[in-house]
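Listed after this line are the structures, all set down as structure tokens.
Next come two complexes built around chain A: one with chain B, the other with chain C.
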Partner chain A sequence: MKNLRHATALAAIACAGMAQAQTELSLWYHGAGSANAEEALVNQVVADFNASQSDWKVVLETFPQLAYNDAVGAAALADELPDILDVDGPVMPNWAWAGYMQPLGIDEAKLEGFLPGTIGRWNGEIYSVGLWDAAVAMMARRSVLEENGIRIPTLEEPWTREEFDGVLQTLKDTGEFDYPLDLGMAWKGEWYPYAFSPFLQSFGGDIVDRDGYQTAEGVLNGDAAIEFGEWWQGLFENDMAPGTSQDAADRETGFLEGKYALSWNGNWAALPVVEKFGDDALFLPAPDFGEGPVIGGASWQFGIAKTSEHPEGARAFIEFAIQPKYLSAFSDGTGLIPSTADAAADTANYNAGGALEVFYELSENQAKLRPVTPGYIVQAKVFEKALADIANGADVIDTLDAAVDEINEDIENNQGYGH
Partner chain B sequence: MASKLTRANRAGWLMAFPGVALMTLFIIVPFFLAFAYSLTNQRLASPNAAEYVGFKNYSDLLGVAVFTLEPERDDSGAVIRDEDGEIEYPRLRGFTRNNPDYPNLAGKREWFSWQSGENRTVVLASDVVFMKALVNTFTFVLFVAPIQAGLALCLALLINQKLRGINIFRTIYFMPVVVSIVVVSLLWQFIYSPGEGLLNNVLGWLTFGAFEGIDWLGRTDTALPSIMAMSIWQGVGFHMVIWLAGLQNISPTLYEAGEIEGAGKWQTFRYITWPGLRNTAVLILIVITMQAFALFAQIDVMTQGGPLDSTQVLVFQAVERGYGKQDISGGSTISAILFVIVLTISLIQRYLTRER
Partner chain C sequence: MAAVKADNHGMRLASRYAVLILVAIIFVFPLLFMVMSSLKPSAQLLLDTKSLRAFLPVGDLSFQNYTDAFARAPIGVFVFNSVLVTGITVLLCLFVCSLAAFAFVFIDWGGKAVIFSVLLATLIIPYETIFIPLLLMVSQLPWIGADGFELGWLNTYRVQIAPFIADALSIFLFVQFFKDLPKELIEASRVEGASWWSIYRRVVMPLSGPVIATAAILKFLFMYNQYLWPLMVVQEEAIRPVMVGLGYFTDQLNVPWGEVMAYLTIITVPVLGFYLSLQRVFISSVASTGVKG
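Our next item is the complex of A and B:
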């Protein structure tokens, strides 16, 4: 008995000794309480990394997604940032500009073959890299389209604007659906700029002029943008899609229950569709409104805090995490798109012939980053409000003008955001 | 040498210290900081140092201009009308955007307008969203303060009786106050939900199906009233308890005297209860007014200011700008303006209800 106690004490000392040899690195992650395997997978990567070497010990702290950005902002003000940060792609330039982050310093050769949306660049340097990307598609059912004589679009030949408007009218005329199209208006917040600004870009407009990012004039209120705005308003005026007061539950299950014929939704929502409709499920590319089909790119990524005292340790962890096996594991666990083609081949859903393979191609061919500027945080909010107002019947030109004024004033107040 | 106040009350000051320190740290200091920030261009996160900008933030919010639009005329000088016979006017953006002839209109937007003869008079504001928030907040206060205070008094009179089981009613009326306002807002969102919402279903059932479902929170004319109704329901229990405390402070001998004199129910209320509630009434009026001005959680959860700014309110805008758009100075300016408004109204209320 006494011996056993000695042994325990010794083991405890040994453990403590090991822990001392390893320098602690803190990691913050946004996925606390996530519905899928995301949180368990992050824990797995951290445990594997800690066991794989003796210099560093990563300590993980997870936050609910809704509170995560606020927590980072507060921590930055209090000078309490962790060593390794988890950051949403479009937000990264803001954090880099505000001095929360430092360049990754990872050899670019190691990021070869990564989808463009998974690498976060600001001012010519890489600040963040992601283990996955997300993509949006027009979810549909083959049987519904064929019954109504609607052509099934391809990546090479997506629906044109006229065709798409015709499709909506045809589906509406069947009278079988509450609405022909579900845009997900119930999802307030980042969904609006993420999912809908690609429509605007396909029309030929944008949220801000990407040439220098100093103004939105002529881009968000130019002829192309006004045309987009009028088309957008028409969707709701003509009852083609449920508006801003869409029930959140209908957004989740409306397409599965047959309330909507088409659903503009992300790949994270694709597996239930495959389960429900099997081979009948279709994931179609974005329509081409004139300037080519576009979807939004970039999801959550890892980066290093500026205040980190051990950037080399943080870098070692990130390099460890972007191994193909973890890219595949995250994809299998969450349904997200793995960052490289090699990793995709090893996944259950994105391998050749896999149920979600099409999303990898969508991400590779159509993905466009949201404006890469620190001002994006504000611009996204302004854009969201403008789209909600237009959907609710506000004057298109006046609303877009007001959005431009607000964006420009914000850029001016921030002295050009360091571009 | 210590004054009598500090010396004689050492224990008192010691006991007050934790409270005073916390209030200083979390209420008084931020209060002065807000005033200071409102004179700068302070951001939430920025590598640029904040600069003093004077009263620019205030003029950006409060700027107003009046402009008369003349109708479009054809070559003969006749007014051009569209198919419906409405007079056509040039678009305002021609005057407000990049037009050096009208520097006072630059960057302003139409707030509201009216017709005067052939001309249209337009009131433009630098910040239409703020102006709408201002109007909505006042509307909210004007409806909520009297209705909530009145309902709370009725409830207090109802439950100020010695009946068996009256505590059950007190508990039921007070219950919404104890539940978090965020939870209440989420629940009411389901109640107001279009289509299958509880309210629509109940109204449909009461009218034998004749009632058409209303999208309560999705229409500009019903969104704010819906939030008012829900806020009154949630807050009424709290003020009922304050009224109740006031009621129980009135000496029973007064009621007995009234009974002997043969006073009716209304006379008892008018000449005994109401004068006895005077101080309580002043307190409740001021508290409800201040709480109503601070309306935030319901908006944040249920409508986010929409649809079409019909539920924008000041505190929501302050938070949205300060944190959402990282513009601490803009949020601070709204807070400062709100403070002046609430202070003014409280002082007016104190003056009107003073002891004469």
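Our next item is the complex of A and C:
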């Protein structure tokens, strides 16, 4: 009995010693209040990591997404950044350039097979890696397309511009829908550059010239961009799609209720479509407007703060988090696309024959990163405003020229953003 | 003749009431919309905004939004934090600002006119413009607490309180009110040997109910609605205030409007309670100082 007491005491001391030996690492996450399983999954990964080894103890602090970037900016000013932070893919170059983050230092071999959109690179180094990606598709109903004699496009043979315009006109002429196409204009902010800049890129333009990222001249106001702008404006002038005043409720349920024939929407909105329409649901690739079909890539990713005193611990956590079982778990919990094919095979929706398998293929084949430049956070807002103005009837050339001026001025004010 | 006069009086009364009812509707309808919307599913809520149904308890009503809102965010913690921070700041503000105003009005000291002018000039500087230098300052301030000496005030209640205790508007309100108090009272107290502290505590403050209510309400609203400052200086959920908590109900694309309305209804209760409790004195103060609430 005495020996048992001694053993228990020694075990308790050993446990206490182990707990004390663990160095605390702070982790900031943007998902506070998220209605899905995301926050619970992050908590699970943290708990598993803390229990798996005796060197590090990750302490999670969650923030509402609305406030997250501002909170990180303020913390950087006050020199109070955490060890590990999560960052939205297109924002990462800005934080790396501003000195908020340091290179991840992970062996690239460990990221082999990851979707391109899940790896954040800046100046030739990897700064962040994501457990998932997102993809946008043209949601449709097989029965509607077939009834109207419309070809169902494939990854290999997407709709051309002429074909797509014809599809919209055909669907409009049926008179069965409020609008043939729902672009999600009710959603603001990052949705615009994420969902609509791929159209511009498919026309041959872009938000900024990726050759050096020093100007938007010629790409955001060149011939291709003007052609895109006129096409874009025509969608609203010809009542092909609801404009910026679209009711938010219609965006949520309009396609399900049959108000729209097509809906340009993300994989996060796909499961209700499958539930509602079953085998009739289609997730189609982006149309090819001349320079190949394009969709946006990159979602939230983990990185290490520049000021972290324990980058090796932060790295250990991130390497732990990107295990296939967690990639699968996040996908099953949130509906997002797992970062690797191996993980996809173990998910409920993205496995071979799964309801959302097509989104993995879309992400793999069509995804293009938004401009990888610190200036993107400004360029995205300029682009959003330009597209909203054009949709509301502003002169296409004047609007694009003004957007170019604003972007170029910002690049100049920031001495080229370190490119 | 008397009948005509009675008719005119009746007409005037009716038109006065009509205007008052119209104004009341304008002020009450947003609150009514918020409460009614908090009882409806998001989709119905948005559809109802196209008609008067938005203000009526019709359709599929339930407290589900409240249940969901409480599941989404620690609302009790946020409300407690806001009430605590706001309450302490209001009390300290009333004390510090009234003392400052007392010194400006009743005590003669060199340079007070210049200092008061400088103080008033700060009214035109928005708080937001000084937040970044203030952030850098508070992140380096020393403190001796239960854990001994530490550097930096971030992630504390005090960092949400201290920068807002003294403000020019509150001092100005107290000064304006104190100026209208009968000087004879102060002089008589001095002649009878009362100290400045006694005069402040026993003579001036007991007569200052209206301005105390006004300053308290304005400060309460300012503090309770704080968003940017706590967002910058507080990273721990346990000490977040209500306005930052509102962010829990939005992500990049979707807003659960029913839950948002439920949350807003909950966090409006302390504000309404505070305002209603001081309403009568506030109105009389507004009438006497000409300050708009």
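FYI, the second predicted complex is superposed on the first by the 401 of 419 C-alpha atoms of A that agree within 3 Å, B and C clash if a C-alpha of one lies under 4 Å from a C-alpha of the other, contacts with A are read in each partner's own complex, and residues count from 1 in each chain.
One rule holds for everything that comes next: a residue touches a chain if its C-beta (ideal position, glycine included) is under 8 Å from a C-beta of that chain, and two chains touch if they have at least 3 such contacts.
What you are looking at is a predicted structure, and each value in this text was computed from that prediction instead of being measured.
Trainee: Identify whether chain B and chain C fit side by side or clash on chain A in the overlaid structures.
Mentor: Superposition check on chain A flags a clash between chain B and chain C.
Trainee: Go through the superposed model and pick first if A:Ile397 touches only chain B, second if only chain C, both, or neither.
Mentor: Only chain B; A:Ile397 stays clear of chain C.
Trainee: Quick one: is A:Ala71 in contact with chain B, with chain C, with both, or with neither? Answer first, second, both or neither.
Mentor: second
Trainee: Considering only touches as defined above, state whether A:Ala388 meets chain B (first), chain C (second), both or neither.
Mentor: After superposition on chain A, A:Ala388 lies in contact with chain B alone.
Trainee: Pick one for A:Asn413: touches chain B only (first), chain C only (second), both, or neither.
Mentor: Touch partner of A:Asn413: chain B, not chain C.
Trainee: Determine, under the contact definition given at the top, whether A:Thr253 touches first (chain B), second (chain C), both, or neither.
Mentor: Only chain C; A:Thr253 stays clear of chain B.
Trainee: Between the stretches 95-103, 131-139 or 257-265, which region of chain C is in steric conflict with chain B after the superposition?
Mentor: 95-103
Trainee: Under the contact definition given at the top, report the residues of chain A touching chain B in one complex and chain C in the other.
Mentor: After superposing on chain A, chain A residues 70, 77, 247 contact both chain B and chain C.
Trainee: Under the stated contact criterion, what part of chain A meets chain B in this complex?
Mentor: Residues of chain A touching chain B: 70, 73, 76-77, 94-95, 97-100, 188, 243-245, 247, 377-378, 381, 388-389, 392-394, 397-398, 401-402, 405, 409-410, 413-415, 418.
Trainee: Touching residues of chain B toward chain A in the complex: what are they?
Mentor: 41, 43-48, 91-93, 96-97, 107, 109-110, 128, 193-196, 215, 217-218, 220, 304, 306-309, 320, 323-327
Trainee: Show which residues of chain A lie in contact with chain C when the two form their complex.
Mentor: Listed in rising order, the residues are 28, 32-35, 61-67, 70-71, 74-75, 77-80, 187, 189-191, 247-249, 252-253.
Trainee: Tell me, which parts of chain C touch chain A in their complex?
Mentor: Touching chain A: residues 42-43, 46-47, 68, 72-73, 132, 135-136, 139, 152, 154, 228, 231-233, 235-237, 244-257 of chain C.
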